[in-house]
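Sharing a structure below in structure tokens format, with a few things to ask.
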Amino acid sequence: MQLSNKFSASNLSHNTIQTNSSTAVSKQSQSADLDLTADKMTEECGVFGIYNPEAGTEAAEMTYLGLIALQHRGQESAGICANNQGQFNIHKGMGLVENVFSQETIAGLAGEMAIGHVRYSTSGSSKLANAQPILINSIKGDLALAHNGNLANAAELRHNLENNGSIFHSTLDTEVIAHLVARSFEDNIIEALVQSLHQLKGGFSLLAMVKDSLVAIRDPRGFRPLALGKLGSAYVVASESCAFDIIGAEFIRNVEPGEMIIIDQDGLTSSKYSSESKTSLCVFEYIYFARPDSNIDGQNVLLARKEMGKQLAREMDVEADLVVPVPDSGIAAALGFAEESGIPYAQGILRNRYMGRTFIQPTQQIRDLKVRLKLSPIKEIIAGKRIILIDDSIVRGTTSKQIIARIKEAGASEVHVAISSPPVKYPCYFGLDTSRRKELIASSNTVAEIGKTIGADSLHYLSQRGMLAAIKINHDLGFCQACFDGDYPISDRYLNEEE
Amino acid sequence: MQLSNKFSASNLSHNTIQTNSSTAVSKQSQSADLDLTADKMTEECGVFGIYNPEAGTEAAEMTYLGLIALQHRGQESAGICANNQGQFNIHKGMGLVENVFSQETIAGLAGEMAIGHVRYSTSGSSKLANAQPILINSIKGDLALAHNGNLANAAELRHNLENNGSIFHSTLDTEVIAHLVARSFEDNIIEALVQSLHQLKGGFSLLAMVKDSLVAIRDPRGFRPLALGKLGSAYVVASESCAFDIIGAEFIRNVEPGEMIIIDQDGLTSSKYSSESKTSLCVFEYIYFARPDSNIDGQNVLLARKEMGKQLAREMDVEADLVVPVPDSGIAAALGFAEESGIPYAQGILRNRYMGRTFIQPTQQIRDLKVRLKLSPIKEIIAGKRIILIDDSIVRGTTSKQIIARIKEAGASEVHVAISSPPVKYPCYFGLDTSRRKELIASSNTVAEIGKTIGADSLHYLSQRGMLAAIKINHDLGFCQACFDGDYPISDRYLNEEE
Amino acid sequence: MQLSNKFSASNLSHNTIQTNSSTAVSKQSQSADLDLTADKMTEECGVFGIYNPEAGTEAAEMTYLGLIALQHRGQESAGICANNQGQFNIHKGMGLVENVFSQETIAGLAGEMAIGHVRYSTSGSSKLANAQPILINSIKGDLALAHNGNLANAAELRHNLENNGSIFHSTLDTEVIAHLVARSFEDNIIEALVQSLHQLKGGFSLLAMVKDSLVAIRDPRGFRPLALGKLGSAYVVASESCAFDIIGAEFIRNVEPGEMIIIDQDGLTSSKYSSESKTSLCVFEYIYFARPDSNIDGQNVLLARKEMGKQLAREMDVEADLVVPVPDSGIAAALGFAEESGIPYAQGILRNRYMGRTFIQPTQQIRDLKVRLKLSPIKEIIAGKRIILIDDSIVRGTTSKQIIARIKEAGASEVHVAISSPPVKYPCYFGLDTSRRKELIASSNTVAEIGKTIGADSLHYLSQRGMLAAIKINHDLGFCQACFDGDYPISDRYLNEEE
Amino acid sequence: MQLSNKFSASNLSHNTIQTNSSTAVSKQSQSADLDLTADKMTEECGVFGIYNPEAGTEAAEMTYLGLIALQHRGQESAGICANNQGQFNIHKGMGLVENVFSQETIAGLAGEMAIGHVRYSTSGSSKLANAQPILINSIKGDLALAHNGNLANAAELRHNLENNGSIFHSTLDTEVIAHLVARSFEDNIIEALVQSLHQLKGGFSLLAMVKDSLVAIRDPRGFRPLALGKLGSAYVVASESCAFDIIGAEFIRNVEPGEMIIIDQDGLTSSKYSSESKTSLCVFEYIYFARPDSNIDGQNVLLARKEMGKQLAREMDVEADLVVPVPDSGIAAALGFAEESGIPYAQGILRNRYMGRTFIQPTQQIRDLKVRLKLSPIKEIIAGKRIILIDDSIVRGTTSKQIIARIKEAGASEVHVAISSPPVKYPCYFGLDTSRRKELIASSNTVAEIGKTIGADSLHYLSQRGMLAAIKINHDLGFCQACFDGDYPISDRYLNEEE
């Protein structure tokens, strides 16, 4: 199809710049090579913003620390845009926050307001041009945008804008929003932004910074989290509350689905720009994405995970000697499982601290090198034991297979795999990495087949109902669980178009 | 004024990226630090293009070599965009051509067509976002543009475009052209480009590359040079003919003012898109910018310079022992002067080969360090002699002053300065660096005053008439000599707006 | 004293090279900035060697992987020397193994034998010249050495050698050994090496590589571990057995104290070069240094740590609601403690995965930034609870203080600190970082005073006897416990000289 | 032979470090890629030293500038060692002076004394370990050495030292001197240095820096130049006097062959350590190596070159239209030739200013790319003319051949080549690059054959007698002219051993 051709041309047209950038990345950000997470669902972004008019010009420093705390939400690129009395300065780069910024670059970002962004992306579109925030100098004023989520109708909107002469410089949905604002007949830039929101379908947590205010917007369904905090007289907004702790800020409340908060010299103004009443918070935030110490929409993530482990124990009936987590993703659920089942918890597998990267290619001799680099089973603990191996999810199954093989090699007599979430069968269109959906092992295999493929003596998944029960201890929001049941909270039209 | 505020915001908004880039530059491109040329008029760009359908995929290699030959026209950034069967790949970077490109990046630019660009710019807007070529993915197809020159009405056009919702990512005039093309109601991209040309005022030599053809355009007045060559079955276009020699191509003819040449599988198609009859070739190309081995609009540059030296000798009446050039800019004129006057030519000042850069700050002890790094007077030659010191021009006069002081220190009994062009009194709006116009020493001082300021025993300039006579040996084009006489070949409206 | 002046001059004389290198380090190896471990005892080295005559030329690749597995033993510099049919090639650099080596550098190290080294060091002597292995071209043949440990009489030997005209290029003990070999009247290089061993006092695990053989030597007292493994027909030697797992090699046995193993084409030859019968294995290998999955002298490290936790529980009498480890150092002991005491184990503090480095200076607002970057208490778990906080050791106490403060801030009603080893009161002379001995909080404070200083409601240390009982489950070696009781296994003469 | 095997092993043993360094070089120092000089004799070193006790701590800054002025004597590596009240600091790196040093590294070299070095070397031994100065911490005190020249008996001395247990870390002759000093029974370090001098055969200009003094030594025959200057109360020493001009220092006199000058708080003390009466100054310093503005042993270099051109004109009898130099090496002689012969001088070939490097491989299409990158014949000047092409020397002849071909391509009717020195027939053992001696075209071809090979219509060399006459205008030293006549001023024993 022509449209997709054009987009691929767009990607290709920058590929040597991209090559450059990714070289830089591979040298700088060794910690970013998360071999094992290649077999996990992956988040696309984290955002942070601060409005700090009285506390001097350290908004960018605070944003830098906040982004470090949100680093788990994206390791590909990072950026901060600061606003110094109406003058906007921006710095972006490929790699981890700590590599992108130096003392000098932060010093160059003095200002009383700032927004920042960390980004994950599949390798195809990994390039500096796609780093956020984006900054535009429109006739309506300067506008910086940082965005976590995915617009279902981005391609349609982009096509219309290009037909009318707009020129795009990235493949970001965020740039679509920027062009809608620039094209609006509304002169006031915040009004133009509100008008634009009504044209967007999908999930987004969006921070916008204009001359004299910071704006935080969450999509009507609340797909992605967004939290509001306070640090002295300053307001902060972040994808997760863990970003508040690091700067000593206090969590106030979550930004609500469909809410727009404007922060300026008059303080905080909240309004609802949508009358949508159903919510669709991504359930995977609790399962894997969010940091365990975050509190999302009223529920601590670690406790939710531990509760999923307990629930899983209630649903299972396996005799075993030890409950062993896949570190770090399975630890919380394993502790819950052990507590509920009474089967002893053991550190049967260690996660190696310094194991980042290697260029050594797997050979016949050491086929499972990446797993060996990251995880070490402890023979003295495992040998001769019946193990319940706990993990949070299985996406492709390849890593699980290697881990199980290594555990058996270490002498485990039985390996029963217990997953603290249901089978992932459907791709995600609202902010997760969907590039490997054909590789979702549960999309075309039964649980028994998966268990056989990965070499488990038995395989167990938490029920969807059990999962919800575990999460909903403290609140009663609706969730998007489409990756488990295919029930997408948005029209099919956009889902197809996305392919 | 609001407009200029917005533009300055635009510059500022990128300044940390710019800081980054310029750091990289200062490390990489030591040769680019031409201390002494800080006191010369400076060019803004060089362009090169090749259409090479039969000779395989080496268009980018040829462009790379062509840009090396054009390096004197711009050392700030370099870029190449290649077209491989309709797929566009681009690579750009800050610094010298030889630093921006590596074997890998050139290998990633395989293709049968390519355009390239080298750029000079005042430090203020020196940043990667302003590197050329620019590549856009419009609904009309991919379009790459490389441009040498300055549009007098760029600010006006940009204002109108932004008012209608266009978003700019650089401060380049080239991006204005791109937006005009994207906005055109004309679907055919070349037709849209032609429509856009009619809206442009000022000087430009423009290369455009689309899916299946290469387009070379020179502005109606011919402010900037543009030459056409042939390499086997391939056509090449370049700012100067010296870029042909390096790849073994043959000079055919100059692209004429107001001409558009389309090169595609049917060969070369020429058309005139303007009926302008007066030409305004920049006279400084002959005086300083162009490479001495280039042939511009029918005249070899070195011979023109030598002839200016002869003419200067005819106009002057000074007794002296030696004619000594400021190397390298004064050599050609000095040889001509010596030949005509009969006064012996001598290498009384040496240009030091490895002297690039230093971070050492001038102190009381060595105040004229930059001149010392670059130039060494030879006492054994100079001592006790009456010297005629030849240079091509004086812009600010600060370097001249230090050179003269060093020559006197070396024992010269008299130093008579002879300049092979008239006094530069007016700023340029058509492609030269105009940022230092207030610093033009001749704008507010008489020749006698300048001579006194720089410490010369006498100071002589070539007459404007003599200069024209020297250049016009082989052709009869009209020149832009506005920097000498203030007679700008364009409406005052744009000149004022530029300020 | 004059001698130490000379040594400090030696350090100073290279300090710009050092400055350079450390700059490179700070850019490359963000993971190496282990803020919290600044408050831990630190190891100085890890070694790895392989003799692989049949398996082609991949010795360096295996060594590279082995060094990655030993990275916890040293993050300052890394190096590999390979032997390709008698030709020695070496590559060393500052930083983590994964940053020091690239595919190209490893490809340049083809060979059938290799030895490698990772190094930790206090900042003062951190420089490339001190990276290992060292390679010398003596008249007796090429010799490469990699060494883990500290010679007590290094200064004395060095003084004598310099007096006789030897020139040193590093401050390494290893270079002292090299000079002893070069000076020996014995022509055979291995014989010369054996002669040299008899002059050494202190702890060392030493790998030597000559033209046709690999030599592994452990000091007579066995201060530092050294393990022997097999990979097909190849032999491997490493500081810890965890380096075998990563390449799929099999652990055979430990190199014994006072043993020299020569590996060449005739296989493995073992000999005892010392008749020392007492052993002094460093007890801190079990407490903190070694990787939990290593097996040292017959005892798995993780199980030893868990047993220390159990023993600690037996020795203590505190009522509490939760056992919470300081991650990662306290986890194993905390699990043992919880199991023995019946008090529930909880992940009350999280270790943040991506938190490496920051240049932000602690301010009034966020004084405990480094702890905040690394550790996050979970309020929902901790609030209102009486906590037993488990860690492996306290060196200076500053980090403990901040951790306890954060836990109380998170709402813990009581914090009882339990340390799974005795108080560290005396400096180490045999391979650990001794630079901060005056900062050892237990050297001048009672347990009660320490508890008060760090803000604990009570503080408990494991008894020395309990510690030994926990470790000695599987073997009966003698240990060096001098850091706890000051009973150094070597003459006072050297201990004083060291100061 | 075994000895040479060992040395080659020594080179090989560091080759990955070397690979690294040279990569860095190729990125940084584009100006250092002097394609055309590949066909010139090449110098090995330049040295600079300053003793500046009253003028504060800027000795390293002055040395940095001095090394920039001496850059033509070596572009491979650079280094400075400074002495700050007896504390020695050193910084060395691969590449050009301006790339090796930054403001920070120079700031780290504060001190009242400093010595510096620039080095050229054939690619084989190009590595950081061979950069100078070298700094050793001997029992006699710290000693820094910087050395220009070649010891004929270096291999013999090194062999003896290694036999007695010395360990070498480089392949430098300078390190041999350092070991001789360290081994001396003499405790006073300067006395030890004098003793060592008596063991050296060959050419050297040596700077030594100890705790409280700077020592300048020239070998008994004076193979390499060494000049003494004064800057206020400070003394400076440098390979060439051009290094004085850049810092505003005044030339005093040359260091004499066999002289040792000690500069300390008591001023300057001169002594003769040798009674050798014959001198052997390298004649190529005048022909090509030295900078034209230097004054060596009483003779200005540029004037000597111009005089060689005049002498050449007197010896030749060719009719021609133009005298054209190969820039820059032939310019001075060509001006002399034109003046003497009356044939007009013309800039018929231009040297391109920005042409540094390229990775493009010569193809059928552009075989002479390197010449094209550097030199451009000007058709308008050359076409139809009989040219006398002047250069200073021919080593291999390959570049000459390409230049002549390009001139003929540009339309010259005849090309007569005139070389302002005799044919180079014999290798050099005293400080010049001897690696290509088999490639000396004149060693196995007659002048007629060479002329035919390079495509000249006729070829002329200056006579040896004419050359001497041209140089000896101002002094009467003896010269080493062995490269012309094979009459080496040193025993054959060393010449053979060198092979």
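Letters A, B, C and D mark the chains in the order given here, with residues in each chain numbered from 1 onward.
One rule holds for everything that comes next: contacts are C-beta pairs under 8 Å (C-beta built on N, C-alpha and C of every residue); 3 or more make two chains touch, one makes a residue touch a chain.
Listed by chain with UniProt protein names: A, B, C, D = Amidophosphoribosyltransferase.
If you're wondering where the values come from, they're calculated on a predicted model, not measured in any experiment.
Of the chain pairs A-C, B-D or A-B, the one whose interface repeats that of C-D, sharing more than half of its contact pairs by residue number, is A-B.
Averaged Cα coordinates give subunit A a centre that lies 36 Å from the centre of subunit C. With centres defined as mean CA coordinates, subunit C is found 61 Å away from subunit B. The touch graph of these protein chains is a ring, one cycle where each chain has exactly two neighbours. Of all residues in subunit C, only 27-31, 61, 64-65, 68-69, 71-72, 75, 96, 98-99, 102-103, 106, 231, 242, 245-248, 291-293, 295, 300, 302-303, 328, 331-332, 335, 339, 344-347, 350, 352-360, 365-366, 369, 372-373, 376-381 touch subunit A in the complex they form.
Contact residues of subunit B toward subunit A in the complex are 6, 9-10, 12-17, 19-20, 87-93, 104-105, 108-109, 135-139, 142, 159, 162-163, 165-169, 178-179, 182-184.
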